[in-house]
Each structure stands twice: as C-alpha cells, then as structure tokens.
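Below is one structure, written out as structure tokens; the observations come after it.
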Amino acid sequence: MEIEYLREILEGVKNGSVEVDDALTELKKLPFEDLGFAKVDQHRNIRNGYPEVIYCQGKTVEQVKKIVERLMEKNNNIMATRADIKCFEAIKEITDDAVYYEEARIVVVKKRDISKVSKMIAVITAGTADIPVAEEAAVTCETMGNRVERVYDVGVAGIHRLFARLDVIREANVLVVVAGMEGALASVVSGLVEKPVIAVPTSVGYGANFGGLSALLTMLNSCATGIGVVNIDNGFGAGFLASMINKL
Amino acid sequence: MEIEYLREILEGVKNGSVEVDDALTELKKLPFEDLGFAKVDQHRNIRNGYPEVIYCQGKTVEQVKKIVERLMEKNNNIMATRADIKCFEAIKEITDDAVYYEEARIVVVKKRDISKVSKMIAVITAGTADIPVAEEAAVTCETMGNRVERVYDVGVAGIHRLFARLDVIREANVLVVVAGMEGALASVVSGLVEKPVIAVPTSVGYGANFGGLSALLTMLNSCATGIGVVNIDNGFGAGFLASMINKL
Amino acid sequence: MEIEYLREILEGVKNGSVEVDDALTELKKLPFEDLGFAKVDQHRNIRNGYPEVIYCQGKTVEQVKKIVERLMEKNNNIMATRADIKCFEAIKEITDDAVYYEEARIVVVKKRDISKVSKMIAVITAGTADIPVAEEAAVTCETMGNRVERVYDVGVAGIHRLFARLDVIREANVLVVVAGMEGALASVVSGLVEKPVIAVPTSVGYGANFGGLSALLTMLNSCATGIGVVNIDNGFGAGFLASMINKL
Amino acid sequence: MEIEYLREILEGVKNGSVEVDDALTELKKLPFEDLGFAKVDQHRNIRNGYPEVIYCQGKTVEQVKKIVERLMEKNNNIMATRADIKCFEAIKEITDDAVYYEEARIVVVKKRDISKVSKMIAVITAGTADIPVAEEAAVTCETMGNRVERVYDVGVAGIHRLFARLDVIREANVLVVVAGMEGALASVVSGLVEKPVIAVPTSVGYGANFGGLSALLTMLNSCATGIGVVNIDNGFGAGFLASMINKL
Amino acid sequence: MEIEYLREILEGVKNGSVEVDDALTELKKLPFEDLGFAKVDQHRNIRNGYPEVIYCQGKTVEQVKKIVERLMEKNNNIMATRADIKCFEAIKEITDDAVYYEEARIVVVKKRDISKVSKMIAVITAGTADIPVAEEAAVTCETMGNRVERVYDVGVAGIHRLFARLDVIREANVLVVVAGMEGALASVVSGLVEKPVIAVPTSVGYGANFGGLSALLTMLNSCATGIGVVNIDNGFGAGFLASMINKL
Amino acid sequence: MEIEYLREILEGVKNGSVEVDDALTELKKLPFEDLGFAKVDQHRNIRNGYPEVIYCQGKTVEQVKKIVERLMEKNNNIMATRADIKCFEAIKEITDDAVYYEEARIVVVKKRDISKVSKMIAVITAGTADIPVAEEAAVTCETMGNRVERVYDVGVAGIHRLFARLDVIREANVLVVVAGMEGALASVVSGLVEKPVIAVPTSVGYGANFGGLSALLTMLNSCATGIGVVNIDNGFGAGFLASMINKL
Amino acid sequence: MEIEYLREILEGVKNGSVEVDDALTELKKLPFEDLGFAKVDQHRNIRNGYPEVIYCQGKTVEQVKKIVERLMEKNNNIMATRADIKCFEAIKEITDDAVYYEEARIVVVKKRDISKVSKMIAVITAGTADIPVAEEAAVTCETMGNRVERVYDVGVAGIHRLFARLDVIREANVLVVVAGMEGALASVVSGLVEKPVIAVPTSVGYGANFGGLSALLTMLNSCATGIGVVNIDNGFGAGFLASMINKL
Amino acid sequence: MEIEYLREILEGVKNGSVEVDDALTELKKLPFEDLGFAKVDQHRNIRNGYPEVIYCQGKTVEQVKKIVERLMEKNNNIMATRADIKCFEAIKEITDDAVYYEEARIVVVKKRDISKVSKMIAVITAGTADIPVAEEAAVTCETMGNRVERVYDVGVAGIHRLFARLDVIREANVLVVVAGMEGALASVVSGLVEKPVIAVPTSVGYGANFGGLSALLTMLNSCATGIGVVNIDNGFGAGFLASMINKL
C-alpha cells in the first residue's frame, strides 16, 4: 500500500536481490504483527510522530497490560485513554515511567521527547461537570507536544465570564470547546475568533438532554462557521484533531 | 364549573326563581353554542379581555369565514393566525375592519379598544429567516395591547450585534427569543437579564436540524434559568404567554 | 458589559482617577473570582435579589463544600439543588443555618430576609410520584419569597379531584404543573385559568414514556394557550421562572 | 386451518366420498381465489358479517375497480377506505349502489341489510381538524350497523365544552376518541366513563408533534385505565375495533 | 360533575334542606378525602364494581401501606400492582386476606365476592420471557371476575405451536396478546379470530428492540383489523381493558 | 490489490519486460477509467458474471446515458435500477436491446447469455402495495439467471393465504420476503422453512410506520433464525444478495 | 401444517386405521409437548440437522436446566446461547458432555456427530471489543459443522491490516462481519469479495453510537451489494444464517 | 468587545478628545449598520480576509439583492451560497463581476485578489450524487484562495478506486470527505493520512438513511482519529473550516 515501499521492493525484484514470492510475502507480513486478540501497528509512531494509543474501555486489564508490554519493546510513547486506576496500576508494574492523569483518565508512558509546538490550543468548558472530558482533550494535546491553556466554566448563561478570558481565547491557534446541556458555547466562541474550533458535546445534563444528543445537535447546527464536531464525550478525539491541526 | 356562577344558580333554585331542571339545562347550555363543526366560545373574550383566536391552518376558507361571521355578532376583537391571503380576503368580504399582517400571517379584526400595557415586550431573533415566527409573536403581543420592541438578526455567532442592543433587551419586562438552527440565543439573552424569557424554537435550518428539534432541545436544556419553551414555530403561543405575563 | 458600570469607569478615566490599563484590567477582573474548578459569580445575588444556586449533581461533596464556603463570605442566601444527604451534612459542617428539604433535595442557607410576594403560586401534580419534582419547584419558590399552595395528585384520569381544588387553582397568580406519564394535566389546568402556566414534564412512567419524552411532547403540543415548558424533571427551573414572573 | 371444515373433509375421506389428493388440494384451493395482484378473501364476509374492506391508498384506480368488480359477484357489502373522488367515480361506473362519504373518504356499496346494534358508539374529537379521521371511524361504525353519536371539538383546553356533552358520553357503550396535538382528550374521557375507549392519535399539529407521535405517546402513556390505542390517523381501525366490541 | 348527584343537591337547595354554601362545599368535598400525599377515591369501587388499584412502583412501602389501610375501611377489594415481596409483607401486616401473585407482581386483598363472567379471555404470549407481563394481565382479569385461559410460548417463528391451540384461541371472547422482540403475534392471532385483541408489547429483546419500541410499532402498524394497543409492559392495563370489554 | 495480478507484474519486473515506473503506473491506472463524474469499473462483470448496475436515482438522464454508452463498448449486460420512463427512452436511443420492467423500475440491456441456476428463489409480499419493491427484487434475480416464483399478497393477517402457497415456499432455495406496515411476514415464513430468508422492509404504511422503520425493526428483531435484512425498499439489494446465495 | 404428514393421516383415515377424532387430536398434539413454561419442539433437530437452541437470557437457571433435561432424552445436540457460568454449571450437573465457550457465552452438548462442510466461513471483526459477538457467531458456525477462519481487529481505520488477510477473506464462501462504532467494515469487505456477507452491528462504542444504532444504520445503508444485516449484537443469528447459506 | 478598540476609546476619554456619552454611544453604534431586516457586518472581511457570505435559502431574491448592493459599497468579495439561478440573475443586474457555479449553487462576486495558499485541499466524494455538496465545499475553498484537488466517486464498496488516487490523497494538507448512504469513506481516508479530515455527511440515500442521519452517525462514531464533522449537506461549512485550517 505504501507507494515508496512498493518501489523499493520492485527495485529489489528487478535487480534480483528480492525473490518474487518473498516480495509478495513481505508486503503482507511487514506492516504489523499478530498478537492474537489485537494487532499492534508498530509503524504508526514512526509514521506520524504521535504516541501509540490504547482505548482501554471494553478491554480487560490483562489485555491492556499485554498490549503495553508489546509496545514497550519499540520505545514509543504510549497513551492509554479511558483508563481507570486499575489499568494504571497494571501498567505501573511494567514501567516506572507511567504517569496517571486521573481527571483525564489517561496513562502516559513517555519514552522519548517530542518537539514542542509554540502555538497554543485553548481548551474551554461551559461548566465544571464538563472538565473530565476537557482534561482528556488537554492531556492528549500536551502529550503530543502542544501548549494548552484551560478556560473552564465559562458557559453562555453568564457570558461575562467568557469575555473576561477573551485574551486567551483570541491568542489560541486552535480551540477545543467542551459543553453539555445546550452546548451553545461553541457557537459563541467561534463567533469571537477566526480560528478552527473543535466542538465536543458532552453527556452532562438530564431529561431532554438524551445522553448528549442535545449538545451534539446544537453544535452540528451552529450558525457560526469554522466548527468541526466530534462524538459525544470524545475528549481524546478532539485533542488529537486539534493537535493534528496545530502541527500543520 | 364556574364557582360564582354556580352559586348564582343555586340561589335562584333556593328562592324558587330557577327550576331544578332549568338549572341543570342552563349549566350545560350556556357557555357555548353549537355551530356544527366548531363550537365558538362566546364568553372567552369577556372573561380574559383577549381577542377571539382562530387557528386557520387545517380549516377551509369557508369554515374560517363562518366562524368569523359568528364572532362578529359579539363585537369581540378577532385574531386569525396562520392565515394566508385567501383567508384575509374572505374575512375582508365580511368586514372592512380586517387588517392583514402578511409576514406574521395574521388577520386582525378590531372591534373595540384595548387598554395599553406600559411595560415593553422585546421580540428577538437569531436570523432573518426567523422573522415570520417572530412577527407572529410580535403582532399577537401588540393586538393584546402590549408595546413591542423588535431586535432582529442578532444570533450568537456575531455576539457584538446582540450587545449593541443591550439597552433594549435590558429595558424589556418580558422577552420572546425566536431562534432556529442551534437555538443558542435564548441562553445568552437569559443570562443578560433578570426577566422571564419565552423561547421559540423555529424549524429554520437543514440537515441535523430535524425540523426544529435541534433548537427545541437546546432551549429545553439551557443552563440559564428563567426560560419557558413553546412548540416549534409557535410564535402565537409565545406572544400570548408573554402578553399574559406582561399583564399580571 | 454593565452599561452603568462602564460609565462609572469611563468617568474615572476622564477625571484621571482611573488609569487606562487599570480600567481595562478592572473590567475583566471584577465580575467574578477564579476558584480553579468553578467561578463563583459574586455579583449575582446583588443583581437579582435571588439566592446563589449550586447544582450539586455531577459535583463532588468537596467541590460543593468549597463553593458554599466561598459564597458564605458574601452573606448571600444559598440554595443547593439536587443535593443528597451527604451534601447537606457537608454544608452543615460549615454553617448551622443550613436546612435540608429532603423530598425536594434542596439545602437552603438563609443569611438574610427576603421581602415576601403576596401573590400566590400554585404547584400542582398529576400523581404522587411527581411530588419530588414538585417539591423542588415549591421550595425554590418559597426560598425566593413567594407564597405557595400545593395541589397534589389531581391527574386528569380522575378529573373531579382537580375540580375540587378549583378555588386554589383560580386564585393563583402563576401555576406550576408537574406531570409524567401522558402529561395532560397542563392543558386542562391552562384551560381553566387565565394565568401563565409553567409545565414540568417528569420522567415518571415506563415503556413508551421514554424517560419523560411523552409528557414533554404533550406539553409542547398543548392546544391550550399560555403554557411555557421547562426540561424534564426540572423542578428548580420551573420554580425559578414562576418566581421571576410572580415578582414582575 | 378451519377445525370444523377439516373435520368435514376428514369424514369425507373416511366414507370414501373424498379422495386423499382431492382433500389436500381442496384444503389449499378453497379459502380464496387468485386475482393476480390481490387475493380476495370471499369467505370473510360470511364469517364475520362485516363488509369487504379495500384500502385504496397505494392502489391504482384500475386495481380498486377490479377488486370491487370481483367482490360484486359475491353480493357482499363493500367498503373502500382512503378513497378519493376518482376511486368513487370508478366504482360508480360499476354499480349505482355506491355512496361516497367525502369527509370520511369512504365509498360504501350496500348489497344487503345488516342487523342494527342498539347500543351506541360515541365518536369524540378534540378539534375540528380531527374530524376527517373521526368521520372515517364513524362511517365505519355505521356501515357495520352501529348507532353513532358525534361529539366534536371538545378538546381539554376548554373542558366545559366536554362536560356539556357528558350525557352522551356516559350513554355510550364504546367510545372512540380522536385527537391530535397533545392528545390528552382520551385520558380525560376515560376518567369519566367505565366503558372501553379506543384512542386514535391524529397527525394534526405541527413542530414537536412529529407527525402524530406526540398524541400517540400521550395515549399510550395514559394514567387512565381502559384505553386501547390504534395507529396514527387510523379512523377505520378504530371504528372497526369499536364495532367489534359493541357487537360482543 | 355527577349529573344525578347534582340534581339531588339542587332539590335539597330548593326544598331548603341544603344551604347554598353547604351545597357548594359538599360538591367539592364529597368525591374523595385528602390523605396528604394521595387522594383515595372512595367512590370508585361502587361506581364500577372493580377493585381499588394501587400502582406500587415509585411509592415507598410506607405510602402503599397507608393507602391500603385507608381503603380497608371501605370493604373494597384491593389490587396492588408492580408490588415486590416487601410491599406484600407490609400489606400482610394489615390483613390476612392479602394474596401474592409473585410472577404477576400483584397483591390482591379480597373483601367481597364478584359475580363471575362466563365468557373467556385468552392471554397469549410469544415467548417464555413475556410471561410476567402476561400474568399481570391474567391475574387482573381473574381478580375482576373473568375466566382466563393461558396460551404461552406460541410465537410466530414456530407457528404450528399456535395452531395447536386454535380451539382455545377461537373460543375466547376477548384476547390479550403479549409479545416482545418483533411482536408479530398480535397480527397473526387477530387474523384468526373475529374478536377484539388487546396487544401488549413487551421490552423483551435486545439491540434494535429499543426497550420495546420494536414490538410497539409492529402492533400499531398491524395490517390486521381489531387490535387495540396498550403501553409497553402494561399487563395490568391490558387486563383491565379486556375485562371491561368482556363485561359489556 | 489483486494478488495474482501483482505477481504477474513482479515477474515482468524481474525479467526486465516491465520497468519499475511502468509497474507502479500500471497498478494505479488499470482497474478503471476516469469518466469525469463517474468511474466505471470495467472489470467487474468479468469478475463476477453479473450485469453492470447503474443506480439512476439522483443522476440526470444525461449522466445515465453517458454511463450506458461507455458500458456498451464492453459488451456487458447492463441493469439500470430506479429508472423512470425517461431513463428508459434515453437508453433506448442508444440500443434496441433495452427492455423496461415498469413495475420494477428497471431497464435491462442484455448483451450476452447467462447460465441459468436451476434452484428457485421465492419472492413473497405481504400486500399488493409491496409489489413494486418485490418486482425490483424478482427482476434482479431473473436478470442474474435465477428462476423466480412470485407469491404475492399473503400477509399474516390472513395467514391461510400464506399456507395455500406452502408448496412453493418450501420448494425455494432462497426466499425474499417483502413487507411494509408491521413486517411480520418474514418471521412467519422463516419459521416454515430451513432456507435463508432475505427480508426487505418497505415504506408502505402510514402514521407510526415512520417511513418503513416499523417493518425494519420487526425484521431485525425477529425471533426466527435465518433472516438477513436489507435497507427499506431495497428490492435490488435483496435480489442481488439472494442471487449471490443461490449461485453458491 | 406438514403436508406430507397430513397425507399420512388422511390415508389412515381413509383405510379406517385412524379415527376422525383421533386424526384431529393427533394433528394438534404431535408437533410438541407441553412443558408448562416452554414448549420444546422435538422435531426440529430431525427436520434441519441443527442442534436444539436455548436462548438463556431472561430464563432462570432452573428453567434452562429443565429444558436441557427434556432435550437430553431425544439425543439431540444442544446449544445454549447467552449462557453465563452458572448456566453452564447447571447443565454440567446433567451431562458431562457439556462444553463451555466462555467468550462466546455458549454451552454445547454434543450427542451425535455432524457431517462437516468443506467450504469455509470467515468471521471478521473491526476491533477487539467486537470479539465476544464474533465468537458467538464462530462457535455457532462450528457447532453446526462449518470450518471457520477468524480475522479479528482489522477495522477500516487501519485498512492495511485488512488487506494483509485478503487471502483468507477471498477464500471464504460466506463472510460474517462484526463491527461496532461506525460499522464501516461490512461495506469494505463486501466490495472485496463476491460472496454473501452477513453483517452484525455491535453495541461497542459510546455517545452518538446510541447502543449500536450507528453501526446498524451504516450496514443497512451500505453502498456495497450482497449484505444482509442481523440485529445488534446478534452473533448467534449471524452464525446460524451463515451456516444455513454455507450448507445450501 | 474589541479590547484594542476599547483601549483607543479609553485613551480618547482620558485625553478629553472623547466625551463619556459619546464613548458609550460609539461603542454600541460602530460595529454594524442597521438594514432593517438584516444587519450587515462591514468589518468582517477586514478582520479575516474572507469574502462576505450570504446564505440565500429562506431569503427572498429581493432581500439577497439588497444585501449584495449594500456589501458592494465596501469593495469586499462576496459569496452567496445555496443560490438558485434567479438569485444569480438578480445579482448579475447589480454587477458584471458575478460568476455562477451552478453545481455548487454559489455566486461569487470578486472585487479584490486573494493571496493563494500553496498547500492543497483534497475534496473527496463516495458517489456521484454527493458531488453538488462537494462542489459547494470546493468552490468555497477556491474562493478563499486555496488550491483544490477533486477526487470523486471513490466510495468504499470499490476500494481499489480510492487507492488509485492515493498519491493525491496523501499530498493533501487538509481533506474534505463528502459521503451519503453509510458514510464510511471518512474513516477509511482518515486511516490513510495523518492530516485533518473534515467529514460532510450528505442526505443522499433512502430508507434507513433517514435524511443523512446514517452517514452523520457513522462519521461521528469513526474509529479513526483526526475527523471533525459538520452538518448534513453543509459543503460550505466544511470548505470554510478546511480553508481556515489550511491557512494557519
């Protein structure tokens, strides 16, 4: 699939250093190894300079541990999201480098330094209950080498609180807006800046919130331009996308 | 059902001026007359000082005309909502007093003066496409004797436009906020005032707007306090409720 | 944002008593203080004469305690909603003035008297299971200085029970109607009075109730005029809005 | 499938008057004939004394005409529902006995008399826009030999109108309640009588009515006992069920 | 509200045996007593010959107990639905007459005999998991004096099992069909009989069943005529309606 | 992507008959040609022996015509689905071999013979309104060389009609069941055979049918085993899948 | 219902060896026995060569045990799905032949050998969290005598992993694709093969996944042809259908 | 609201060149002008270098024309989206510079040159029916000075077509993926690149597509990282966001 790599193999076949059968075999074998229940993509980190990411929810502690052990061999940075304290303790048994960001529910194993991005990402929340999702985004951004400013609890019902932080908001290169309930904050923020806004609806709320549907629809229907929406409560996805944009 | 009226009849029965059978008959016959397809409540206007209201949608022009003719006998003010130009023309044939508010789709037949309320109702919209629903609310308020200020096209994506009208917004005694798409305006306005806000979601928008569901959920889930929500596109209902509150 | 306040500062700048930079700084710093996880708005109580409100759900007892401690310094009345017994006990440790309304799940800390409103708010429920939400509304109204009459368990399936309380219902200046299941009570009550009705759908019911959606849609689609709807189970919001209207 | 009929055939097989192969063939061939696009069940009318019913929507005028022609041979009464004027004219070409109930959108071809049921079915509507669906129910009941009383436009927002007809409502043996918008009428009516109520939600309304969903959920979640619900706008189904119950 | 009763009072007023004020007071006081949290309707049993019904879900054991104690004074039969074993034990403390139908989750307190209805109600389920809801319907019917036949586990995927019970199904005067998953049984049964079918969707199933929505929609959209639908899992409502019809 | 083809090219590279750059270019260029607005996959027909398929809905007549012209060069059979009469006429201009199946809305251009499959596919409908979707499935099957038996209008409300065709149903190797409204037919049919059933929900119905959602959920939740469901009204997809299975 | 069996009985009736009444009785009694809560269909295994299947969810361990005991008498293979460890232990008490597939949550009791199918079924998952559902499908296929290849964790976000297994995928006769979240894998796989694909949406995911609705809609709307969809998380149903197809 | 501007005014107040009242007035008046029905924000273009944007849907041709005339005075570039041919003709009357992109439904009035961005944006569609939405995105990007490559009709059901364009896809700096039906393309594309993907669900499809909901949910639930989603059919929003990112 990799055009460059394919050329390399074709050259080998041409000059006789690679057998045709080996060429075919190599193409299929190389990009990953079989771990039984999960195929760890060893080449990813090299490809994009990002940490390996493990989504812990729905995996047993044993499965998480095995994947981490495997990844450790490659000297990659590792990020385990939606990790509870048990996941962290299991990873801690393997490596002392594991750090636990409790509110963000993220374990980071840092094996090599990442070059910092000078431009700033602002992570903004409407309420205090949105903070765990925001922290997931913020820690993701920081682990990927971005500078983050947190602007929390500035929901639209008391809009003067938002304006009091206007300087930070306008300095940001990319903005992550995290909001539950009516989720109106993304529209207001986007109207104040000319930078991309990644909107994260949260399931914070009750009743006609319908598990985050309310905030999700609000963000998708925003009359403001320049907003991209991710899944409900998907702080990691927002942080990852914001980081990707910030590094362009 | 009317306690006072019931007492009056009971007194009549007691002093023999009213027969028992007549008492029973009277109770059932009085509050309305049978018109065949629609029972016009003649007592309503006297009870609440409001105009008679006809919801034209789903009624034929002939039906509307018959109801208006009937109501004309009572010398009430009449308000026909969701009325198209044909409804207006049909009513015009009956009375020269009919006035058509085209954008609001309302016909008003004014038969007597209404005492004015000095306090102001602000009718606010997020976009220009919300104006027809807002006009339905505004004309309803005005027909019921309220002073109305219109603050149109001040959606949250350009929030400086809203702030430029802050004086009007803060002067209002009751506020009607009309918004489609993400419907965030109600939350922002409610956070700026200490007065009741009647929120009207509109079906303006497309895609994940789902016919106004998006704005409806936003308004119901508002983190701001002091908001009451009416049905999608229900400008009349919002104007009626705002008027009712303004007259307390 | 406060026009009057802005003028005051401008005057200071003009007469040299306020530096330009200080003016800018002051504007941004004044309206709230940073508490780390939640920004408490100290000016609110002064602005609207209402108690400070803390929504406890989704906050830890420690977070609630910290916010209350902070607010205590300002001598405001405080109302903590969706508070369980642990929240109450934590607040009790700070102040002996804390009172717990168990059914309403509200803690009130009264620090100063509120002028009473003579007009009455009726809080009405369809069934007994709707009472906790109704109590949240009623206690909210009472804490804000309103007189409240409770009319409970008068659902439309036995409409004679509703009529037996017609005197109270018709005396009310504002009505809060709390109903789950089919939520039809709001329409019937609204048809009996000429006063604003705040309708609260509850999640009481099962099956095709879909967590309160049934009652919510009923209330939004009411053929009666003069109804404003709040979120499912949002007794506090209804009480707050009713109080706001009653005080106009 | 018919136990009695099966016995008859078995007896024939036993006494040699019926061949085994014929028995098998007969069983499969008898209950209907093949018409190509629609298999008309000739035995139904005999079985239950009801008219043959053709649901015209989604069928071409030609298809309707062919089915009617076929049914004419059997001397059954015929009822074509959701029939527009073109359907009627096509049927009129076949038989002079065709009568068109325009508001109910039903064509009736009466070929034999039906014994009348003395007990009455009340058909009740909340608004005037619900009348076409109510007429579909009423004409269905009448065609099946029931006495029908119409109580129209007595929605819960003006509940005195309903009470004025209490005598008719309480005389009914079965009640069909037709309501759109919030659909609350079924609960109120059911609370006033001890007779079965067939509730028909209609798609009358707009916005959060969602094509009748609102009224449907209201009726399903009714706190009143003794209500059976049919599909949105299904006047025929309600009339048929009410008639079936009235004839027990 | 009761026309006859109203006449009686009017006569009393006329002949001077009843004071006007007393007449007014009496009208409001008589039909029920105030119990604080629940108003018990003492007249209901006399009106319809049915037991008093308490819906236990969402009520505390103490509340249930108090209501039962109150009702005991009136010598009515009592039926407590959705009652767990603790409810039963609490009622048992009051009266030895309490009987617990565990699968149906119903407590019956029998205080007087009910005349039996000779006609039979068939209660039919698609699967074994639907049986608790079916038992709620069956016990309700039996407590109200009906003869019940149970036809369980005859879902449409093995339709020969249904046909094997055709004799019972065809003997029934009213049928209650209880089905979850795809809920197709109601249509098939209704096609086999000419009697009213009360269809109860259940929440049995998983995935795209969406808590019973699947079966509910199936039953509402049935192409068979003569089906009335009740709420998801509402066995009591189906039994009550079936009984009401069976007693006509 | 094609392993065999890749080997062929590698061999060419090895023996010098193919340049490395040409090998890379060839790989990317070969499998399709660029048509501007639509890329026609020329290799498909050879790969699977099926006709080329054009989905006409949402394409202009001009676009359809261009694609057909292009495909004509390859001597493939062509099938245009959701084709109205204008599409047919446009194709007819290009080739006299075009045949229009009006009810199925399919145009077939037959350019070469297809070997027939001896095993039969039964296409079954619940009602007459489902026939267009069923015809789309049936014509698709026939065009792909399958023998088809049509069993139409045998819905579950008159289940004896279904049983009368049991011989055909049990002879089938694969069954396509097409049903709208409550969609129960798939479950019943699947319970009668031990062959794969492809279920097609249709949008036939009204009210709580919600555009076919009702039948879709019924089919997905079937308690019968051996049913695979396709999209609402997707007769072509069902026919294609049935054909694919029948040819295994 | 069984035509052949019916003939046999008819012959018996004809030659006098079977009484008419016995014939009727026999027809109704034979196909199953009454077990009280569940009617076990003893003839199924003989009819289709498949194991008896018990769906354990919603049944008590005692109920499961009783059904298994009953089935044991018939020497059929037995498969208990959605069985937890307690179900297994209860079955183990009856027979030593019980084997527990923990991840698949299936207990198999093998009583006789099944002839193997040489063609292979590929069971493919998008992620590791989809594996339990996939195992339910795979074990179902294997128990029914099919050869299964597992291709796990090859979701579309890393499509090279899928291509690395292209040889297995293209060798398969039938494919079961199991995917949660966006469920896109089914479309991609179906585009790579010319074999039937059975798609199983899973409830794996969060937020706007809505319990599997997201993957379900994706699979139903696939632009690829040749996909049949089963219910969310219905691994057994997919395995059963795939097996049925593979055995044709 | 503009900090810098506020400082400027404060300085004026300080040095006496600006009166306090004028300062207040100025702040409110400056940022826009009142046009009656729509407030045109004259400062926007200067702020962000982007064209003025008019969303034509829901506006009359007259309204569009007036807004354009007004904007013309400012020498801004203008972009009118969702513009039909009549909108274009109306704008053409005002200025010869108007160019109509028919497929994109966009009118562009170019008044000044925009500096080009060297990095490329790829706009990719799954099918041909998605092209109008894609063109809206592409023309938006181009009007804002970006280089665009179009990769159309490369949906996942024929994934080799996507791979044939891998060079373009991998060269892009930002990618806009437009897909209806199952919307799986965004996940696959995102897995092939390390650049931000803006996903646009379209309403292309039928049945369980539910107006684009299917593709929307797919994109929100993508297992791939780096995807931001916009509203259904919102090509303009996607193009605007992609452009914003590309210009960082």
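The chains carry the letters A, B, C, D, E, F, G and H, assigned in the order they are written, with residues numbered from 1 in each.
As a convention for this text, contacts are C-beta pairs under 8 Å (C-beta built on N, C-alpha and C of every residue); 3 or more make two chains touch, one makes a residue touch a chain.
On a predicted model such as this, the values are computed, not experimentally measured, just so you know.
*Asks:* Can you spot which option in C-D, B-E or A-C is basically A-F again, with over half of the contact pairs the same by residue number?
*Replies:* Interface equivalent to A-F: B-E.
*Asks:* Is the number of contacting C-beta pairs greater for E-G or for B-C?
*Replies:* B-C
*Asks:* Measuring from the mean C-alpha position of chain C to the mean C-alpha position of chain E, what distance in angstrom results?
*Replies:* 38
*Asks:* Taking each chain's centre as the mean position of its Cα atoms, how many Å separate chain E from chain F?
*Replies:* About 49 Å, centre to centre.
*Asks:* I'd like to verify one number: the distance from the centre of chain A to the centre of chain H, where each centre is the average of its C-alpha atoms, in whole angstrom.
*Replies:* The computed centroid separation for chain A versus chain H comes out at 26 Å.
*Asks:* Going through chain B residue by residue, note those that touch at least 2 other chains and give them in order.
*Replies:* Residue numbers touching two or more other chains: 1, 3, 158-159, 163, 166-167, 192, 207-210, 213, 216, 220-221, 225, 231-232.
*Asks:* What are all the touching pairs of chains?
*Replies:* A-B, A-C, A-F, A-G, A-H, B-C, B-D, B-E, B-H, C-D, C-E, C-H, D-E, D-F, D-G, E-F, E-G, F-G, F-H, G-H
*Asks:* Within their complex, state which residues of chain F touch chain G.
*Replies:* Of all residues in chain F, those touching chain G are 1, 3, 47-48, 53, 163, 166-167, 170, 173-174, 192, 194-196, 198, 216, 220-221, 225-232, 236-237, 240-241, 244-246, 248.
*Asks:* Touching residues of chain F toward chain A in the complex: what are they?
*Replies:* The touching residues are 3, 6-7, 10-11, 13-14, 16, 20, 23-24.
*Asks:* Which positions of chain D touch chain F when the two form their complex?
*Replies:* Against chain F, the touching part of chain D is residues 1, 28-29, 31-32, 37-39, 41, 57-59, 63, 201, 203, 211-213, 216, 231-234.
*Asks:* Per the contact definition, I'd like the list of chain D residues that touch chain C in the complex.
*Replies:* 126-127, 155-159, 181-184, 187-188, 190-192, 205, 207-210, 213-215, 217-225
*Asks:* Spell out the residues on chain B that touch chain H in their complex, using ranges where they run on.
*Replies:* It is residues 128-129, 131, 152-154, 158-161, 163-164, 166-167, 204, 206-210 of chain B that touch chain H.
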